[in-house]
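Two complexes follow with subunit A in common, the first pairing it with subunit B and the second with subunit C.
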Partner chain A sequence: MKNAIVKLLLILLTLGFIAWANQTLDSYTLSILNNIGIFAILALSYNLINGVTGQFSLEPNGFVAIGAYFTALFLIPSSDKIDMFALVDPAPIVLQMQASFLPAVLIGGIAATIIALLLSFPVFRVRGDYLAIVTLGFGFIIRIFALNSPAYTNGAMGLNDIPEVANFMWIGTIALITLIVMLHIIYSKYGRAMKAVRDDEDAATAMGINTFRIKTVAFMTSAFFEGIGGGLLASFLTTITPDQFSFLLTFQLLIIIVLGGLGSMTGALLATILVMGSMEWLRFLDDDMVIFGMHTGAHPGMRMVVFAILLIVMMLFARKGLFGDREIHEIIRDKFKKKGKA
Partner chain B sequence: MSSPLLEIRNVTMKFGGVTAIDNLSFKVPSDAIYGLIGPNGAGKTTIFNIITGNYQPTEGTVVFDGEDITGTKPHKVVAKGIARTFQNIRLFKSMSVLQNILIGFHDQIPYTYLEAVLRLPRYHGYERRIRAEAMGILEEFGIADYAENNATALSYGNQRKVEIARALATKPKLLLLDEPAAGMNPSETEDLSQIIHKIKKDYDLTILLIEHDMKFVNAMCDTVTVLDYGEKIFEGPPAEAIVNEKVVAAYLGDFTHA
Partner chain C sequence: MDFSTFLQQLINGASLGSMYALIAIGYTMVYGVLRLINFAHGDIMMVGAFLTLMGVTAGLPFPLAVLLGIIGTVIVGILTDKIAYKPLREAPKISLLITAIGISFFLENLFNVIFGGIPKAFPAPDYLTKVLHLGEIYLPVTVIIIPVVTVLILGGVLWVLYRTKYGMAIRALAFDIPTVKLMGVDADRIITIVFALGSALAAIGGVFYAISYPSIDPLMGVIVGLKAFAAAVLGGIGSVTGAVIGGFILGFTEIFVVALFPELGGYKDAFAFFFLILVLLFRPTGIMGEDLERSRF
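This part shows the complex of A and B:
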């Protein structure tokens, strides 16, 4: 009962903060918050398959791309599409795709979920590293498809003038919902089964768990929220091109969930704030720097080197990340218990 | 003699050119504690893996409770009422003792994914119920005090108990124990045999166990089957097994033709 009240208070407080921030903060600060919100959705959902279920998958960039393209195509007015598609005329079905914001985002999520289901059959029937290889390849296929299907995606030119509906109200609220959904999954029989699969798949089977089904459920759930995150990203950026959905996106999310502690949702959230915040702060690394009177020249993407080093250091010295595979409230509760006993 | 709960009929298992099990048949009567013994590599664990559906036998059938379960998927075998423990303890290492037991209830919880995500009443009802039931099992094993401890932080003997308790949570009719007393000291072994007798009575179980500790087998089992190189060389009471020529030869080597 006490827990339920604390939970409700936290939710109301967060919603209050989102509404306040959306009204009062300047557009630069809001854009950072929006970025954090979208990456939080992506990191939380990626954490479910990779951290909680322990299946080393490299899928996010593919599903984010699917969500982003579907949502964008449903949001952009059909009249604009005809002008925008410069290489070839848009396919008739593309012109028919029209929906308001929330349905468009949900369609992106559902499209990713369906593709995740189709991928599950070949991938989860076998064990081992196939998942990593297949999902890595899948990401490339999606990008190549986006580049080479101008009638659907406008090719390398991408889609622009996507209506900018996704404000912090939308993004923050959906990020909060994602966190709640993920925590509810973790503390249910499904979350327990996912962790059992991660710890020891044979023992999980010996407990009557259909491990194929559990892995598929986790994968589909991840895909759904990654698709939704992609849709929000498209509307937030207003422009998408195939190159945005390269493996670098997955790599960035991998760093976040490893930093947060594989399997910890609250850890993933905190790590998103830290990484996305410092991405902003480290922006100077991409610019031209003067070291001992020598110009280094501008190197876009230099910032990522810092995070690559961070990942290596973490793998060597702090493999458990910030919170291990536990949630922040569990850690706090244990601290209090120990104090009570002492 | 009551009707058999488990029947192994002419089972042969070949791995490539190696015959691990050769035309083996035996019956485990319901309500028995049945032993499966034999030297290393005799095929005991292979039989377990065939019963649990991890291996598909090359030939022969496995009949459980009057139903042919040969080739049934492992997780479905559990639902039919067969639970197992592993030779080398395989607990879920990131979880507490209680959570390990809760996993065993997986199949008995009917709430759906959506009900879990939305935390509908059925979620709360069943979570409360299985927690109480899991604590009951832990109390039976005398390890309820460790419920919140990490499972792998327990002593070896207690980890064994957690593994058996976890198997019990799946509500089996037949419990397969793969070397339950391995690595235990005499007092732990004594403790374990008492617990096995107790749960057998309380949960109305039939037990099939693999064991090397002959003292333990003698004290526990009504009947044993002795395997050597995948073949049955003896079936009968354990007291007779240890004086049987073939059994002694299988363990110590055959000196008669030397």
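This part shows the complex of A and C:
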């Protein structure tokens, strides 16, 4: 009972913060918050398959792209599409795709879920490194498809003038919902089965867990939220091109979930804030710097060098990340228990 | 397709396949010994191309620049192992994989910062870019040199693997590292040799790539590296001969599918992954592989 009240209070507080921030903060701060919100959705869902279920996969950029393209195509008014598609005329079905914001975002999520279901049959026949490579390949194929199907995606030029509906109210609330859903999943029967698959797949099978089904459920759930995150991203950025969904996106998410601790949802959330915040803060690294009176010139990519080193150093010295595979409230509760005993 | 076009495409395919094969050997050897997909291997190839470019820009004669490029790449390859992989030998394999991804990203972005992301022209000497006319066939010299050199190198690698003490140690490590250590073999030294060999071949592949597609950029290793990995799996990961066969199959497929169905040209980078998925579905051990758990050279 006490727990439920605390939970409700936390949710109301967060909603209050989202509403307050959306009203009062300036557009620059809000754009950072929006970025954090979208990446939190992506990192939390990526963590479900990689951290909780232990299926190390590298495909989120593919699912995000699917969600982004579907949502964008449903949101852009059909009259605009004819002008926008410069290379070839849009396919007839593209012109029929029309929906308001929430359905459009949901369609993006559902499209990613269906693809995830189809993909899980070949993908989960392999484990470990092979899974990583095959899912990486999937991310590439989606991008290659987006580049080469101008009738649906407008090719390399991408889609622009996507209606900017996604404000912090939408993004923040959906991120909160994602967190709640993820926490519920990891404490449910399914969540325990997922962790069993991660810790020892053969033992899990022996206990009667259908590991393929568990992996597929985790994969589809993850894909659903990644698709939704993609839809929000499309509406937030108003422009999408295939190159935005390169492996760089997956890499950023990987850093986030490793920093937070593979398997920890609250860790992933905190790491999102840290990583996205420092991405913004470290922007100066990419710009022209003056060291001992010498101009270094602009060098885009310096931030990514720093983050790559961060990832390597973490793997070498702090493999557990911030919270290991536990949640922040579990750690706090244990701290209090220990104090009580002493 | 008439005969001369067929011959022309056949040679083009052999040339492309050679590049994949050279890089695939590095993947397959590291996997054989460490059970690690060295994500950074494609970027090692990029390092080879860029170091050679640095030598050429500094005014060195081309063969010397290539030699220094290979040596530099070997040093980079060994350093990645010593700094990033060696401390994680006992760690979960996923940690090793994440570190490899980190190395890959580090190299890509470091070279992006140093050289800029704009593709750089690669000045190959005239005697390599000359085009020979044989009847109706037009052949750049490189297209002939690349497969020939690759076959010679493959012979050399197989000789090292099967006729030298080091090769025997490498093959033994692929079976069982602890036992090999008990036999008095310095496993770390052998692993260093594996990385050195793989990096040298990748550097040669990188130079070939740079000559054939006369511009290079810091991300050139990503797609080529993934394709070479697919080739290694297709041939049976852990098998050097398999890697070469896989590389050639992939090279021929890309060239011929695009030649026969030009409208599929945009999708040519995706073939490797379709192959990969098909192989994993129907014959996960690849063409030459015997057993995934105990793959051998």
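Basically, the second predicted complex is superposed on the first by the 340 of 342 C-alpha atoms of A that agree within 3 Å, B and C clash if a C-alpha of one lies under 4 Å from a C-alpha of the other, contacts with A are read in each partner's own complex, and residues count from 1 in each chain.
Simple rule for what comes next: a contact is a pair of C-beta atoms (placed from the backbone, for glycine too) under 8 Å apart; a residue touches a chain by one contact, two chains touch by 3 or more.
These numbers were taken from a predicted model, which means no experiment stands behind them.
S.K.: Quick check for you: in the superposed arrangement, does A:137 touch first (subunit B), second (subunit C), both or neither?
M.R.: second
S.K.: Once chain A of both complexes is superposed, is A:126 in touch with subunit B (first), subunit C (second), both, or neither?
M.R.: second
S.K.: Looking at the overlay, does A:102 come into contact with subunit B only (first), subunit C only (second), both, or neither?
M.R.: neither
S.K.: With both complexes overlaid on chain A, does A:156 touch subunit B (first), subunit C (second), both or neither?
M.R.: A:156 sits against neither subunit B nor subunit C.
S.K.: Going by the contact rule set out at the top, does A:13 touch subunit B (first), subunit C (second), both, or neither?
M.R.: Touch status of A:13: no partner.
S.K.: Scan A:82 for contacts with subunit B and subunit C and give back first, second, both or neither.
M.R.: Once the two structures are laid over each other on A, A:82 reaches no partner at all.
S.K.: Is it subunit B or subunit C that touches the larger share of residues in subunit A?
M.R.: Partner with more touched residues of subunit A: C.
S.K.: Please report the subunit A residues shared by its interface with subunit B and its interface with subunit C.
M.R.: none
S.K.: Mind listing the subunit A positions that touch subunit B in their complex?
M.R.: 181, 184-185, 188-190, 192-193, 195-196, 198-200, 202-211, 217, 263, 325
S.K.: Can you list the subunit B residues touching subunit A in their complex?
M.R.: So the residues of subunit B touching subunit A come out as 52, 54, 73-75, 78-79, 83-84, 86, 90-95, 99, 102-107, 109, 111, 113, 116-119, 123, 127, 166-167, 169-170.
S.K.: For subunit C, which residues are in contact with subunit A within the complex?
M.R.: Against subunit A, the touching part of subunit C is residues 35-37, 84, 87-88, 91, 93-95, 97-99, 101-103, 105-106, 108-110, 112-113, 116-117, 222-223, 226, 229-230, 233, 266-267, 269-270, 272-273, 276-277, 280-281, 284.
S.K.: Considering the complex alone, what residue numbers of subunit A touch subunit C?
M.R.: Touch residues, subunit A against subunit C: 54, 56, 58, 122, 125-126, 128-130, 132-134, 136-138, 140-141, 144-145, 147-148, 247, 251, 254, 258, 299-302, 304-305, 307-309, 311-312, 315-316, 319.
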